[in-house]
Amino acid sequence: MFVARVTGSVVATQKVASMTGHKLLIVEPYRVDEKNRDRLVPTGRTFVVVDTLGAGLDEMVLVCQGSSARLTPETEKLPIDAVVIGLINTVDIGGREIFSSRELS
Amino acid sequence: MFVARVTGSVVATQKVASMTGHKLLIVEPYRVDEKNRDRLVPTGRTFVVVDTLGAGLDEMVLVCQGSSARLTPETEKLPIDAVVIGLINTVDIGGREIFSSRELS
Amino acid sequence: MFVARVTGSVVATQKVASMTGHKLLIVEPYRVDEKNRDRLVPTGRTFVVVDTLGAGLDEMVLVCQGSSARLTPETEKLPIDAVVIGLINTVDIGGREIFSSRELS
Amino acid sequence: MFVARVTGSVVATQKVASMTGHKLLIVEPYRVDEKNRDRLVPTGRTFVVVDTLGAGLDEMVLVCQGSSARLTPETEKLPIDAVVIGLINTVDIGGREIFSSRELS
Amino acid sequence: MFVARVTGSVVATQKVASMTGHKLLIVEPYRVDEKNRDRLVPTGRTFVVVDTLGAGLDEMVLVCQGSSARLTPETEKLPIDAVVIGLINTVDIGGREIFSSRELS
């Protein structure tokens, strides 16, 4: 899985029928800063993921890729390869909290 | 999933029998521009995908990769690893519309 | 899927029993040239794929990766992650033919 | 699979129900140093993995990716794409031990 | 699949129960040299794979990734994503032998 920030959303009216009603978010994966390991930094990559947890803009989420994206009750049998499986509260590195969702509010 | 522009097509007369009649498109993945996050920019990569939605040249589409590419009614049991699952109308980043299919017409 | 050129072959006498009799080709993925989008250029990467269509040296082929490589009649249940699913006749970009197999003969 | 060091952990209170109670670790993949092949060096990449073996901070672990991450008794049917399958004692390269978990204690 | 050289091994005493008795090798993927296409060169990447064929140190092997790594008799149902499926005798590029296992002895 990877840590990513919700940066936006996609609207596609014409789509595979089973995809109707599923929210599509744009996310950007983050990684631990290599220098001081004291913060998360953006990778510049762009993914589209299905969200069933109500993730908001700028929220940090946990994304699962591949066939396992179909292993949630709402995404079973969908033609998708990435899904949000958690809304991240905190990330700790080396025993130190380097991200908290409280920063966002 | 990823956002991609349809740039062309592939013709392969000699192929695995189950692939007969399936349209093969060339697409180029796009990502959100890192600088101002105000537009989509091409990545320079080349993928071949199956399309069942009638995507046109230059259209922006949503692509699903991996085993889930077989999870649409038309692609079940096909030896494919990528399929178009939606034709993109709009992409919003940070609450701002950075792509609209209306730009294409 | 991706477009690739057949550059060679691999011989492995000692192998998993089910692999006996399956032809192993070396292929190099190609991508559309970013500058003028008027030709296919090599990526420098090396993949080994199973071929059941009789692809010849230098031929341009369509390769499927992942679990779907097992979705052809000849490769069912094989421990493989890539298979040739088509021999490419032409590649069109922006309505213009940038590759034709006739160039090879 | 890949070799990775446990660098931290993730807390996500709001998540897909089946994920409750599963420990989420942050790991950084390592590779063999190209120059002298005498040590493991960090790659700078960040992955989140499920751990069922009790891996500790800084411990070197073996990570399995993809659908096979669901092939352990504790992770069956989970929407995950990476799991710790072993705690690494030693890594040998060219007949020489270049990593030992004893270094950590 | 990819071509890789066996560079070492991993020992992990504490592991998922089903992994007991399975040999874990460190391999480095190789690719065809882009310049003259007359030899295989190392990529600098590090993978851990399961071996059931008795590959020796420095031997060149064929590696299968993903769910198909479970499609050999010995690796069925294992939580693994990479397995050796062949010991490579020769690699031919453009009709010329650029690697032979005889070089190793």
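Per-chain numbering from 1; labels A, B, C, D and E assigned in written order.
By definition in this document, contacts are C-beta pairs under 8 Å (C-beta built on N, C-alpha and C of every residue); 3 or more make two chains touch, one makes a residue touch a chain.
In this text the structure is predicted, and so the values were computed from the model without any measurement.
Path length between subunit C and subunit E in the touching-chain graph (shortest route): 1.
A straight line joining the Cα centres of subunit A and subunit C is 33 Å long. Here the spacing of subunit B and subunit C, counted between their Cα centres, is 20 Å.
Shown for subunit E are the residues that touch two or more other chains, namely 66-67, 69-70.
Think of the chains as beads on a loop: from subunit C toward subunit E, the beads read C, E, D, A, B. Listed in rising order, the residues of subunit B touching subunit C in the complex are 7-19, 24, 26, 28, 42, 44-49, 57, 66-67, 69-70, 77-82.
Against subunit B, in their complex, subunit C makes its touches with residues 1-3, 30-32, 34, 37, 52-53, 62, 64-73, 75, 83, 85-95, 98.
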